[in-house]
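Structure provided below as structure tokens; questions to follow.
To keep things simple, chains are lettered A, B, C, D, E, F, G and H as they appear, and every chain counts its residues starting from 1.
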Amino acid sequence: GFAKLDHHRKLRSGFGEVVYCSGKSTEHLIKIFQSFNEKKVDILGTRATKEQFQAVKAIVEEAEYDELSRIIKVVRSDIKKIGLIAVCTGGTSDIPVAEEAAQTAEFFGSNVMRIHDVGVAGIHRLFSKMEEINKANVIVAVAGMEGTLPGVIAGLVDKPVIAVPTSVGYGSNFNGLSALLTMLNSCAEGISVVNIDNGFGAGYLGTQINRLAVKGSE
Amino acid sequence: GFAKLDHHRKLRSGFGEVVYCSGKSTEHLIKIFQSFNEKKVDILGTRATKEQFQAVKAIVEEAEYDELSRIIKVVRSDIKKIGLIAVCTGGTSDIPVAEEAAQTAEFFGSNVMRIHDVGVAGIHRLFSKMEEINKANVIVAVAGMEGTLPGVIAGLVDKPVIAVPTSVGYGSNFNGLSALLTMLNSCAEGISVVNIDNGFGAGYLGTQINRLAVKGSE
Amino acid sequence: GFAKLDHHRKLRSGFGEVVYCSGKSTEHLIKIFQSFNEKKVDILGTRATKEQFQAVKAIVEEAEYDELSRIIKVVRSDIKKIGLIAVCTGGTSDIPVAEEAAQTAEFFGSNVMRIHDVGVAGIHRLFSKMEEINKANVIVAVAGMEGTLPGVIAGLVDKPVIAVPTSVGYGSNFNGLSALLTMLNSCAEGISVVNIDNGFGAGYLGTQINRLAVKGSE
Amino acid sequence: GFAKLDHHRKLRSGFGEVVYCSGKSTEHLIKIFQSFNEKKVDILGTRATKEQFQAVKAIVEEAEYDELSRIIKVVRSDIKKIGLIAVCTGGTSDIPVAEEAAQTAEFFGSNVMRIHDVGVAGIHRLFSKMEEINKANVIVAVAGMEGTLPGVIAGLVDKPVIAVPTSVGYGSNFNGLSALLTMLNSCAEGISVVNIDNGFGAGYLGTQINRLAVKGSE
Amino acid sequence: GFAKLDHHRKLRSGFGEVVYCSGKSTEHLIKIFQSFNEKKVDILGTRATKEQFQAVKAIVEEAEYDELSRIIKVVRSDIKKIGLIAVCTGGTSDIPVAEEAAQTAEFFGSNVMRIHDVGVAGIHRLFSKMEEINKANVIVAVAGMEGTLPGVIAGLVDKPVIAVPTSVGYGSNFNGLSALLTMLNSCAEGISVVNIDNGFGAGYLGTQINRLAVKGSE
Amino acid sequence: GFAKLDHHRKLRSGFGEVVYCSGKSTEHLIKIFQSFNEKKVDILGTRATKEQFQAVKAIVEEAEYDELSRIIKVVRSDIKKIGLIAVCTGGTSDIPVAEEAAQTAEFFGSNVMRIHDVGVAGIHRLFSKMEEINKANVIVAVAGMEGTLPGVIAGLVDKPVIAVPTSVGYGSNFNGLSALLTMLNSCAEGISVVNIDNGFGAGYLGTQINRLAVKGSE
Amino acid sequence: GFAKLDHHRKLRSGFGEVVYCSGKSTEHLIKIFQSFNEKKVDILGTRATKEQFQAVKAIVEEAEYDELSRIIKVVRSDIKKIGLIAVCTGGTSDIPVAEEAAQTAEFFGSNVMRIHDVGVAGIHRLFSKMEEINKANVIVAVAGMEGTLPGVIAGLVDKPVIAVPTSVGYGSNFNGLSALLTMLNSCAEGISVVNIDNGFGAGYLGTQINRLAVKGSE
Amino acid sequence: GFAKLDHHRKLRSGFGEVVYCSGKSTEHLIKIFQSFNEKKVDILGTRATKEQFQAVKAIVEEAEYDELSRIIKVVRSDIKKIGLIAVCTGGTSDIPVAEEAAQTAEFFGSNVMRIHDVGVAGIHRLFSKMEEINKANVIVAVAGMEGTLPGVIAGLVDKPVIAVPTSVGYGSNFNGLSALLTMLNSCAEGISVVNIDNGFGAGYLGTQINRLAVKGSE
């Protein structure tokens, strides 16, 4: 049978379901939240507008919204956080994407350390934080424009670095393409990349690695 | 001081140095190998031609060459392998890149399980292997053409999946762009991507994660 | 003479005319609908805004509008449906494009089976539907983001699969380019591709093939 | 069980296996041909070099090679051909891709009509052939450079048109991108597209549709 | 001296000046129109919004606006029209760009014949107009989506064809790129291309050629 | 009937046929030349290799080859040249493409003036030639790298300028894309563009315009 | 220590701080301005909206706003200007970007000469200004559409030319890509390029070079 | 007259002429070198093959060749070097491009300091060199792959940084596009970019700035 196909829910088990809200009709979204709500699980909604949140709130009272990361959260369980993930940004404009990563990681049970505005234009700011960053099991490095930060960090630590390019920038940035290519071509070791602006993916993967570090493969 | 900057050598410590051979002149390459050789460390040379190997062999007798992965290896130490990494390919044409990943991982001390030709065009071949794949701490999934494999695997396991697009294909494949975009846009959870044909990067990162799973963050 | 040039109207004969509404001025659109309306044929308008519909409705009372697919329909004849087309989607966000395909196919006289949200991120949902899907003469597979669905289905059936990439996604999705390339590079057999978001084209072509299956080439 | 997964071999059943030869090592290729040969099935090898053929010939005596289409064929069974597929080209330089389509279709049991050099630069050549083309159940239209042919044909027939862009051209042709985009954006009805230079895919899909026309869905 | 540099004004002499309005501030635009107005020359303003027109109208009473082509015209002289230019469109959505071409040509003194909606999806409509089109000295062929029209016309006439790609379309049309590439790669003889949506450029160049045909090089 | 479809041969009538040699097999090429040769018409072969020429020469004794432009010419008639076309290049590396244009124009009966190496890096060289250039009925301006020349010339003359981008350059030149875009976006009036390296197309179109200037539309 | 890392503040010392306002939340922006304001330094805010300015003005009374360049300035010190930078534009639509450059240069202490609308479509306008332009130590050349201006100027002066591509244009301009590529591929000597629309970067770099010319390396 | 147009030769005066050798025929190249040689000026030939050098050597005995930078030099005058330019590389594979820059700068009279292999993957190597780098008037920073080096240096110095992307890398590097975009999008101040692999342009511009620093604008 397909029993093993269900294993992929293991990480989430007891932690809640995920809904990608962007572009879903209100009618549709409500139906999804309602059906999850009935199961009394925790729910994480990503890329939600304020209007979508208000529609959800009307039927799921516990729902909360974070404008910066555009995340809807329904948390009823008592989430126990383990290990440590460092979430770093190149500039303050990258914070929304970083918060999507950080809050996703926290939702799935990781401790998160936030370190903002340490881009290479003023690299000394980064160095003063390296000791702290080195304490994390995995680093999520978020950067727009030329997207250099993840590669520089990966050259300074020996933990996995998850690079998140953002669409912050203009002109030949081409909506994040520049940062994406920078990260894919990084010659530092121990770096991999997720989609442009995909904080969720980085927070989820970061949690998977953080767990392996804390609990091993069990 | 900059002592902490040297921490990033920790992973390699006692395991050898890495040389990116592609495009280096023979003269240059020999100098680099010689200087490492004097330190009596292990050495991994990637993307080497047969001619480059022969030049190296002439001065470092222990050097070995693998034509498939184009890797030069100088191994004198007794590499102890731990944990488990699964290296999977979509088709047989992806094997050279997969071997670069596998041999890199082994060089740095990971056990590797090779599972070839399980692309989605015949998806039942993949399913019959899922139980085995699930035993690994991390999966390196290598695929060209449409590059679907990593996303399908990530949907079936809850371990980190490192996706490696290859340049295998023709026409609108655009030398691996198609597979790269597929992997970056995967809506499965727990997946991240390295550069096209970058088996080395995947093997290195896989080892970092594999170690975290076996040894924790220490 | 050019008599044979008119053969290409054969398929539509008795089924109505098609109007591509997007970007047409109201004045223009009304003129086109009016002239078709005088011929008392059925009319299918694609990519219509609500405002365009209201303008059409004012002069063609029988006109109906479907907000999801953005289709205007004027159906006076008694459409007899034959055969079977399966219209499948990867996620719920792909439904608008899928509905354009489904309603186009129905307008031209095909039975349509709708199977939604069977994307590969949860591939077991697809497998439980395969027996049903196999009953169709042709499959229209609609998917955004990484666009894997059509290739996976084509690997499981031996009917023609018409792949429809959608612009659902963000970042390196590049408005559907990612899904488009995935589908063009699929190494499964029996798959072909239409333009990004072109549900109409898939529904029309699906009907052509469905008819061949039911009636042969006559 | 996965028994149904094997259904997708139905089309080929009794007709032989397919090998994508491009980029495979001789050693590898021989192993694959040998294992198929032992099953005494027919074999179709695509994108094979002359050197690859010679290596295959040495172990499978019945193997034949067509330089134009770069196809290796091992045919022992008595292939019964049904229905009709028209394979048309815009120019003589597109013939190699067209032959890959035609010979694939014949290998899988379709009758094929070849109509070459009917590109729109001299459109009267096309018109004089339309009556003949109209007799086919499905048309494979192969064109490079601006890639107009499939759209023009689709405007003149009401049978499915499978468009095959080729890499023939130079400059802003960008190795077939120009023809590919032309075909994807065709506003004629009843057209779909395969990868650049993918004659095999078109021949296979054409056969699927041709069978439906002759035998129905059975 | 630079006297010869002024020769390039010859064409326009007595016919008016041209202003590219798009993106200019109202303040700026008014200053330009005012200074031309004082010279009592005719003025052609392209890509103007309705708001820009109203601001101009307030200070240049003779100004007229055409919403379709977004052209502002100030015509005081008695424009004598010569020769003949055919302006053809593939679909009705291309008419705004075609009108920019047609009105530019008329402003500079060419007779213009408009032939709309003769795209290749219904190629018989084009053929019934070929005799008329052949009477022109030069053809401006405007088309979006796959952009086939100019190449087909160039294959049927021996007059220069100026191809104008439009941004009409969606998906892999990429805002006119598809039509642009089609036209650049046309294998018909006697065709050249201007920028996407550049009706003005086509109308101006068409007039240059039309004049050569009527008056020779003088 | 389609009699009018043959009108498009008018330009060539008595001037010979054209063969695009690139990528054609020797066998194929010879067949084409032989059949034209029997009609005793003049023949122009473009993009021919030296090997192709030798094969042609063996059967058509009058054939001549120009290595620079890669043109094969078979001229038996007494070509009478009229009017004047100026063929200008930005740098000496653009001369092969310019020669393809010049020799095509001469083959079809135009007088050609060659003006080389007048690119804008040393713009005074261009100015000293402007008086001469102004005598031509039409200018073919050939340039690689940044491709500025055609726009500068178009700003200085009031004759049609046919811009030919070449693939000369490196890096972000992207095989001629840079020059192509420059020319398409030129804000000078009276300019249109052909494909990258398409000297033939420019020479043919130039001749059409040159004839109109000399003979009018007849 | 990292003392030397602070050297890069030298240029600004006593001249003020820079804030990239685009995309920053009002809350965030105010915090940054407030903290700089307390240090009583001069402040330059780039890419600011009018709304952002009003929020800043409410807390920093000395703030001024320039709508054209979208710059917020807080200048309390007595800026002494030295040397000379020429800021030239191809067309009037490029003036906003040019003003960002000019005002940045003035803010950091350079004299600026503005020379507008000297694009190559009317190249005599440029020549009449060359004597003046030659007096500057460095030239900032701003151009959209085909972006020819910087290369032409660089061919006429022997001072460094900083090329600024703008996003002015449409169609195959691709939001400034065309001008960017033109400038990168310029074969004139002494030219380098900044990001599309990056007036700030050009004004800053121009000041660095202007200072070297006036003060040497000290 | 055009006397002022000759000013742009000022920099070179007494220093020699430049020949771009790539793609030039031997015949052509020899003619150019011969004519320069007669004037007894120094000559710099860039992008020359060894074969081209040998042909030149046969007629200009003083010619020398550097295989690494592919530069031909004919130096007879006594070049006096002034000031200082730092030429830095990210990796050893970037050295050929860096040498083209360094030797160009030396040819035109600049002192050059070479600092290799200081890419950010091991950023401490860069820091140990910063004091030295800070002594230069201008920095040429050469990097391939992700191209981070120039931005990091620009963040640490307040001298102009000329960024040179190289085509070193593979996969999504797209022949230098990745490094180019990184550099154009750098948020460090005081950086500008030349074409991919354009060492010559950087060396020339560097010399212009170096002279300004040493001699002022005179």
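By our rule, contacts are C-beta pairs under 8 Å (C-beta built on N, C-alpha and C of every residue); 3 or more make two chains touch, one makes a residue touch a chain.
From a predicted model like this one, the values you see are computed outputs, not experimental measurements.
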- Note on the structure: Under the touch definition above, the chains in contact with both chain E and chain F are D, G
- Mind checking chain B against chain H and telling me if their interface is mostly the same residue numbers on each side, over half, or mostly different? different
- Roughly how many whole angstrom separate the Cα centroids of chain D and chain G? 57
- Task: Compute the distance, rounded to whole Å, between the mean C-alpha positions of chain A and chain G.
- Result: 36
- Using mean CA coordinates as chain centres, what's the chain A-chain E distance in Å? 51
- Where in chain A do residues touch two or more other chains at once? 5, 8, 20, 91, 123, 155-156, 171-173, 177, 180, 184-185, 187, 189, 195-196
- Spell out all pairs of chains that touch, sorted by label. A-B, A-C, A-G, A-H, B-C, B-D, B-H, C-D, C-E, D-E, D-F, E-F, E-G, F-G, F-H, G-H
- Message: Quick check: in the complex, which residue numbers of chain G touch chain F?
- Response: 90-91, 119-123, 145-148, 151-152, 155-156, 169, 171-174, 177-179, 181-189
- Query: Which positions of chain C touch chain D when the two form their complex?
  - Reply: 4-5, 7-11, 18, 20, 83, 130-131, 134, 137-138, 155-160, 162, 180, 184-185, 187, 189-196, 201-202, 204-205, 208-209, 212-214, 216-217
- Listed in rising order, the residues of chain H that touch chain F in the complex are 2, 5-6, 8, 20, 22-24, 28, 47, 165, 167, 175-177, 180, 195-198
- Query: Which bits of chain D are touching chain F when the two form their complex?
  - Reply: 91-93, 122-124, 127, 168, 170-173
